[in-house]
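For reference, the structures are reproduced in the following blocks.
Below, chain A partners chain B and then partners chain C, in two separate complexes.
Up next is the complex of A and B:
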């Protein structure tokens, strides 16, 4: 590294969900300090659900995070259903997958357009872009509204969904609503996605490659979001029940969020981990978008997570059309999903779900009258904290050698953090069994 | 000159700020009326000169007490945004539990790294004066718009002083008790347009008590429809624990 001094201290990085600090000190070309700090207050969810009954758990744990509340709800319900031996109908499964796609779309559109693109266009937020890039901002708002309306349709509400419950839903959409939704997907979202692809092609990501271990869910028969095995790009698959062997949470003094590592000194989860591990299972249109944007099954530039998120948007839209066709063909029978009878029993259930930022684990142990006696939630952002800090260590010398000054180094480190789309509110829930 | 507004978040899920960002159809108009000087979830700029402060989240750390006091000093008007800010929300569940046990359950011996966590989660008005409230978990985004409109036009923002049942009846919903479900609607402040009951899910109380709630009567109803005393206690400590325990 060049013989320079740097003293970077970003208190509360902006345009991320939750609070994080960046601390980098370089003295005479030597990296002295390099930290990604999580000062957000802990929230103790795993303690708070103890003694609560099975119907209430997902409504409490969804409040870990507003942005991925559908993901928390899904993981929570699946964990409870496994613990109580509850089978769900095929119709419920398809509706749950559509709801989860709605959230992935909502979160990815918000991140790509509102949190990441302003950096690539040299703006401090989307607000000045409303004047300089009016059409693009209007399109972004339309895409976000589409995704939110999708969550409203399949979950009753986009932030903290209302209708998903243990065993099914409290209400389900009608076939007419599904037909209308399919039409809107084709006529509104698909053209907007094509226009976004054209825009992203003009916005190259900063160059920075670092090998790491990618961990995601995997299924042989579909691009896994709702369930699957845990897959490491280094060591292969394990059942979701064995998540503790892959997540290995540990506490570091400068963070309220726990750190993780597995086969190497750090690991990455999220859209890029998923596209790397499951590239062949992407939908045809998503693969085309990946090819146009230079995303391959072996992409190791963390900034490309932004591109991977967009490619997943295309996948989710195309896969939604497939799911909608299945439901429209069989018709909707509310009796197959609405308020199924549940008998509580003692047991443990572990569920891993791919949420926008990576693998989310909910793990509950219930007593025989259906009260939680122990809970553990492992949050994707936690799994990336360590990788972000290791990226800093490799990226700071590269930036210095490229001749970047202190302000530019700081800006690129903030962009790097943002490309992971960290969700720090989530990450400070924390628990051990 | 456009009034300057700022958003601040404390301990929460940030879903209420997200509800503001979810005003896709209104947000550009809103930006024409106000100048947003701080909104960490959405923008880099950090202005320290503002008239209206929206505060999301509960206070859970000593450091948060100092921070919210500084915001109170600078703001002419302070608005609590969402259940965590208004009534401590789900964060307050831990207020009914032994703090040492809660800390050890989550962090074990590592709890020593977090010495300034408060033994109870606090609503904003348990630390500083709050001028107006936008309740809910999450907030009703249209209630946010109407509050901003009222503040800009010099009108006092007002919350409904009647229970969720009124809105639920107006929508023509069948009462959830008649469907064998449980609902806190009779004693919870309206303004959500009976969001959950309309989707066939009982109200959990996220907007806090209606003024002068008849709590004993509500408990009697829940008991009559089959809840045990233990279950009833849980209903009253889902969102309302800090309201119950703060006296």
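Up next is the complex of A and C:
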């Protein structure tokens, strides 16, 4: 590294969810301190659900987050259903996949347009873009509303869904609503996605390559969001029940968010991990978008997580059309989805779900009368904290050698953190001192 | 929320914003919850915006609205419980000297973004109350609870006025 001095202290980085600090000190070209600090307070959800009965758990855990509430609900329901041996119908499965796609779109659109793109357009936030890039902002708001309405249609509310329950849904859409939604997807979202692609092609990501271990769900038959095996780009697949061996959470002094590692010093989860591990299973339109934006099955620039998120938006929209066609053809039978009778039993259920930021794990153990006696939640953002700091260590020397001054180094480190789309409040846990 | 606003019009929409889990920060939400129980003129819609005012405005985007009243906690450097009224109709009018809403960046920026989507109430008024305490916990401080009847009266006067 060039012989420079840097003293960077970003207290509460902006345009991420939650609170995180960036601390970088360079003295005469030597990196002295380099930390990604998480000061966010713990949330205690794993303790909160203890002693609570099975119908309540997903409603409680959905409150872990307002952005990924559908993901928490889905993982929670799947974990409870596995513990209590509850089977769901094909109809419920398809509707849950559509709901999860709604959240992925909701979160990715918010992140790409409102949190990441302003940096690429030289703006401090999306607000000034309302005047300078009005059409792009209109498109972003339209896409956000589309995704909100999709969650409303399939989950009963735009955040913290109310219709999903153990075994099914308390209410399901009609075939007419599905037909109308298909029409809206084709006529509204797909053209906006094409226009977004054209915009992103004009906004290259900062160059920075650092290979890491990529962990995601994997299925052989579809691009995995709802379920699958846990896959490491280094070591292959394991059943979701064996998640502890992949996540290996541990505590560090400067972070209320735990860290993880597996085969290397750190690992990454999220959209880029998913596209790296499952590229061939992306939908045709998504693969075309990936090709146009330079996303490959082996992309190792963490900034390209932004691009991977957009490519996933295209995939979710195209896959939604397929799911809608299946449901429209078979019809909707309310009796298949509504609140089936459940007999509680002792058991343990582990469910891994891909939420916008990466693999989410809910692990519950129930007593005979259907009360939770133990719970563990592993949050995707947790899993990236270590990797973000390892990225800092590699990126700071590159930026300095490129001749970037202190302000530019700080800005690029902030952009790097944002590209991971961290949901920090979700990721903090109780630390035992 | 599905307001089905195509071709809908309202003389007044009252939106209460705030976080009911942060003490007095939830004032706006508590105010509209009480307002919704009263008999109001036809053409008046009362909504809880919570902490997602942008989403509420986007949902209202297609509606014709003569007056939008936003109720919120407002830090104006006044004694706790003091009421402020700010006309936000003119989008360029930022910083009236009366201080800013506690959702300031959220509220004003939400309005700016929603305008991009054609959200254009003919008149926009912010009715705010100076908070006493904003800490984790449910419920308003006694001082803010005492102001509720007066604030509801002001909202009703605002509903009736031009």
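The rule is short, and it goes like this: the second predicted complex is superposed on the first by the 428 of 433 C-alpha atoms of A that agree within 3 Å, B and C clash if a C-alpha of one lies under 4 Å from a C-alpha of the other, contacts with A are read in each partner's own complex, and residues count from 1 in each chain.
As a convention for this text, a residue touches a chain if its C-beta (ideal position, glycine included) is under 8 Å from a C-beta of that chain, and two chains touch if they have at least 3 such contacts.
Owing to the predicted nature of the structure, the values given are computational and were not obtained by experimental measurement.
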Are chain B and chain C a fit on chain A, or do they clash, once the structures share the same frame? clash
Counting only touches as set out at the top, which of chain B and chain C does A:158 meet: first, second, both, neither? both
With the two complexes superposed on chain A, say which partner A:184 touches: chain B (first), chain C (second), both, or neither. neither
Touched partner set for A:52, first chain B, second chain C, both or neither: first
Mind working out whether A:14 is in touch with chain B, chain C, both or neither, as first, second, both or neither? first
Can A:25 be said to touch chain B (first), chain C (second), both, or neither? neither
After the superposition on A, what does A:142 contact: first (chain B), second (chain C), both or neither? both
Which parts of chain A are touched by chain B and by chain C alike? 125-127, 130, 137, 141-142, 144-145, 148, 157-159
Of chain A, residues touching chain B in the complex: 12, 14-19, 40-44, 46-48, 50-53, 56, 59-60, 63-67, 69, 110, 114-115, 118, 124-127, 130, 137, 141-142, 144-145, 148, 156-160, 162-163, 165, 170-171, 251, 253, 256, 338-339, 425-426, 430-432
Using the touch rule from the top, collect the residues of chain B that touch chain A in their complex. 9-19, 21-22, 24-25, 27-28, 31, 36, 39-46, 60-61, 64, 89-91, 93-94, 97, 101-103, 105-108, 110, 113-114, 117, 137-138, 195-196, 199-201, 204, 231, 234, 238
Residues on chain C engaged by chain A in the complex (per definition of touch): 1-2, 52, 55, 58-59, 109, 112-117
Tell me, which parts of chain A touch chain C in their complex? 125-127, 130, 134, 137-138, 141-142, 144-145, 148-149, 152, 157-159
